[in-house]
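Note that the chains are named A, B and C in the order they appear, and that numbering of residues resets to 1 at the start of each chain.
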Amino acid sequence: MIRQSQGGIVRAQGIGQRLKRGFLFLVLALFCVYYLAPLVVMVSTSLKSLEEIRQGTLISLPQSINFEAWAKAWTSACVGVRCDGLAPYVWNSVLMAVPAVAISTFLGALNGFALTKWRFRGADVIFALMLFGAFIPFQVVLLPMARTLGVLGLAGTVPGLILVHTVYGLAFTTLFFRNFFIGVSDGIVRAAQVDGASFFGIFFRIILPMSLPAIVVTLIWQFTQIWNDFLFGIAFTVGESNPVTVALNNVVNTSTGVKEYNVDMAAAIIAALPTLAVYVLAGSYFVRGLSAGAVKG
Amino acid sequence: MSDIRLDAIWKKFGATEVIKGIDLTIDPGEFVVLVGPSGCGKSTLLNLISGLETLSSGNIFIGGRRVNDVPPRDRDIAMVFQSYALYPTKSVRDNITFGMSVRHIPRQVQDAAVAEFAGLLHIEDYLERKPAQLSGGQQQRVAMGRALVRKPEVFLFDEPLSNLDAKLRIEMRTEIKKLHQRLGKTVVYVTHDQIEAMTLATRIAVMEAGHIRQFADPFTVYDDPVDLFVAGFMGSPPMNMIEGKLRQDGGSFVECGAPDALLRFPLPDAMARRVAGRDGLKVILGLRPETIFAAGSELPGPDRFCFELPVAVVEPTGPDTMIVFEIGGRDLIARVRPQDARPQGTRFRFEVEMRKAKLFDATTGLRL
Amino acid sequence: MAVTGSPPRIRWRSFDRWLPQIVVSPLFAMSLFFVYGFIGWTLYISFTRSGVMPDYRLDGIGQYVRLWSTPRWHVALRNLVTFSVLFISLCLAIGILLAILLDQRIRIEGAIRTIYLYPMALSFIVTGTVWKWLLNPGLGLERVMRQAGFESFSFDWLVNSNYAIYTVVIAGVWQSSGYAMALFLAGLRSVDDQVLKAAAIDGAGPLRTYFSIVLPMMRPVFMSTVIILGHLAIKSFDLVMALTGGGPGYATDMPATFMYAFAFQRSELGVAAASAVMMLVTVVAIIVPYLYSELRGARR
């Protein structure tokens, strides 16, 4: 994104320009506050005691750093009737997300490769039909999926969720890899064929190693989607197999007892931390995923 | 008509110096071509003149006015870009009149101007189309129209022809020259194509690494290059550069080639006098391909030198045939008449017009 | 359609030759079953008298009649329209504004972009939880304003059935406007630098350059952003569940929460299936023409 030259254009200098520039930064800063404030409030509330919350306001900072709410959110907050904290549900989400992300990414890569670099008859139609799966409102598959999981004996289990996320993530992962492979010269595949490499030989030894950026983008996108999913979690799991998003919602909406806002906020941070960490560590890949999701086809 | 004067200008991007102290005076109505390899700073120099880049130091005068802090719109210039840079959402007509409508020039004046230049550039038929519906050549004409229509004092061209195919490029080259002759405005034109530079310019500035190596009319630059860089850059195929030693035993010679096959090129008197007393100096002898031809194929003249070597490669171009041969392991090119060419492997008798040879100091690269 | 897949080698074992198809078939079959098969099942059920349990005897359009005569469905639709219009237009406005401001050679642009975009990494459930706290009547924003001296300031939208839907808009815009910014910024950056230079030479100032040259060039970006945001809006389920749970009453119900409630809480499978089909029809009407033009454009 080098564009020195545009700003290099000689502009009329003067107090007006300075004012404009100052105003520009003011607006940008205000929006920074807008986006950051909820995060700050969330963290500061989670560090306060309940007493402090009742007396102070949202924007007052905690008088002392107090991790009690965090501990409670992690180990003993009540999710529905069970009071074991979020820990087991975070574990559920990990057990669900890791295999689902890995499998859907791998299958997407294979599928994208077969569909773009081996344009057999009908490949484009197959791609278009599969891509459609990325855009359907999932409500339309909830009922039959619930029954299918029941028939398979996977209802209310983590493996069931893995299946669901793999199946409906495949359209997206295929799309991501297709977009990437379209930019890869067909000549590479031809050359490898002439060298005698087979379909899987080309895929594993040539295509996969050069797809690293696409793999990272897809992994991050899938992880964010699956970790943050709520609909499938709430529709297909019960009680102890809930993923963390569902558990968080239950913690917050538990109507019995005293409302512990600090615990709610700590629980929200715990649920958000994995995806936030990925965003902070691999932000540019995350953004590429977002725009890859935007420029479809 | 405006003159342009660059006074000790520098441009730095961070720590990188792109323009390193250039002085240049362009007379009113001149057609100056900035030419050089990519990365030499020629486009940056043009952007500095246009105001699309801010100077690091020095002064720029256009028409006698110091314009260092004057925005592009107030410099009375127009520019044609390599990618044409047409506004994709505007029709051809609106592309051309955009500059005038920004300046609140009345509609009738705009229409009159469009009518005047659309005819001149043969774009009257596409005025209502969008740029994407035009061919590359047509887009090029629209870009020219947009520049011409405001009747500025100075025209700036940034490699305007390099996206066109070869045939169209030659056609547009001629049209640009005609336009200049007709309008007589000052033009600064950037290109990496030395043939474009030769054909268009009244004066050429050959640039390298942020410096202007030579600023002179095309013939001087071609016939009288100041150093190895200019000599090597101008001309196609390029000048033959033969490494050798100056020998002054019973006349002046340049001795070159492998020890068992030494060739001694005798220097004409004028050149010999300039290098008198520098026996043993490492030099480079520059011979343009057209100064080496088949022996006896031209009328005899003074300061001719003949030698015989095997033909390595034959490359017919149509009007001439290039014969590649080797001296001291280096490929050299001679330009001969097609009927004089001989097949690869045969021994060939070459004749050199030593008057047109150039001699350079091998260490400094400067002309001797 | 040209068949370019046949390898140049002549003695290619036939199994290898068919491998691409063999690899794709199970995945395609999976998609046929889980997407098209399931859509078909839902569609079928929507034309039966299914209640708590699926009942496979066809019953015409009875469920659709029932759906459209349910006041709650009309509330959900009205909410969807209100939410979509506000959500999309606010995200677009903020997104374009921020993208243009960030395009002014800001040295710390990277850091600012990171801040604007991080909500996209959060789950809608987290966003809903946070905003539920921020907008808490009593302890939230209301108390901040009252302590700042606005004694009579009152902000109870979260529990007010007339205004609760706007709190969903507030939280949704907070989460997604950075996304719109990122899409527009990428669009602005793809504009040919020389076009901007040409505009400067033509004498257009920054405002004029944006409004009469750059923004008109953003039309495709504009289109895809609207489509993506619209798609988010129709699917919005998590945010409503976390923020208001569809309440108070069913004041903030949307088609997605409506369908969920009828399918899993009230066990009216037929009505739930009919509402899901209505959602699908809406999405298809928007997405299919868009995908068609995008895919065709990509093929050139």
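Simple rule for what comes next: contacts are C-beta pairs under 8 Å (C-beta built on N, C-alpha and C of every residue); 3 or more make two chains touch, one makes a residue touch a chain.
Since the structure is predicted, the reported quantities are computational estimates derived from the model, not experimental observations.
S.K.: When you draw the chains as points and link the ones that touch, which shape shows up: line, ring, star, complete, or other?
M.R.: complete
S.K.: If I rank B-C and A-C by number of C-beta contact pairs, which comes first?
M.R.: A-C
S.K.: Could you please state the distance in Å, as a whole number, between where the Cα atoms of subunit B are centred and where those of subunit C are centred?
M.R.: Distance between chain centres: 56 Å.
S.K.: Using mean CA coordinates as chain centres, what's the subunit A-subunit C distance in Å?
M.R.: Their C-alpha centroids are separated by 15 Å.
S.K.: Indicate the residues of subunit B shared as contacts by at least two other chains.
M.R.: In subunit B, the residues touching two or more other chains are 47, 51-52, 71-72.
S.K.: List, in ascending order, every residue of subunit A touching at least 2 other chains.
M.R.: Residue numbers touching two or more other chains: 5, 9.
S.K.: Of all residues in subunit C, which are in touch with two or more distinct other chains?
M.R.: 197, 200
S.K.: For the complex, which residues does subunit C have touching subunit A?
M.R.: For this pair, the touching residues of subunit C are 1-5, 7-9, 16, 19-21, 23-24, 27-28, 30-32, 34-39, 41-42, 45, 54, 94, 97-98, 101-102, 104-106, 112-134, 136, 139-141, 143-144, 147, 174, 178-179, 182-183, 186, 189, 193, 196-197, 200, 224-225, 228, 231, 234-235, 237-238, 241-242, 245, 255-256, 259-260, 263-264, 269, 272-273, 275-277, 279-280, 283, 287-288, 290-291, 294-295, 297-299.
S.K.: Show me the residue ranges of subunit B that touch subunit C in the complex, using the header's touch definition.
M.R.: Checking each residue of subunit B against subunit C gives 47, 50-52, 71-73, 77-79, 81-90, 98-99, 102-103, 146, 158.
S.K.: Name, in rising order, each residue of subunit A that touches subunit C in their complex.
M.R.: Residue list for subunit A touching subunit C: 1, 3, 5-7, 9, 24-25, 27-28, 31-32, 34-36, 38-39, 41-42, 45, 53-54, 57-59, 107, 110-111, 114-115, 118-121, 123-124, 126, 128-133, 135-145, 147-148, 167-168, 170-171, 174, 182, 186, 190, 193-194, 196, 198-200, 224, 227-231, 234-235, 245, 248-249, 252-253, 261, 264-265, 267-268, 271-272, 275-276, 278-280, 283, 286-287, 290-291, 293-297.
S.K.: Across the complex, what residues on subunit B touch subunit A?
M.R.: Residue positions touching the partner: 13, 47, 51-54, 68-72.
S.K.: Name, in rising order, each residue of subunit C that touches subunit B in their complex.
M.R.: Result: residues 192, 194-195, 197-204, 208, 212-213, 216-217, 219 of subunit C touch subunit B.
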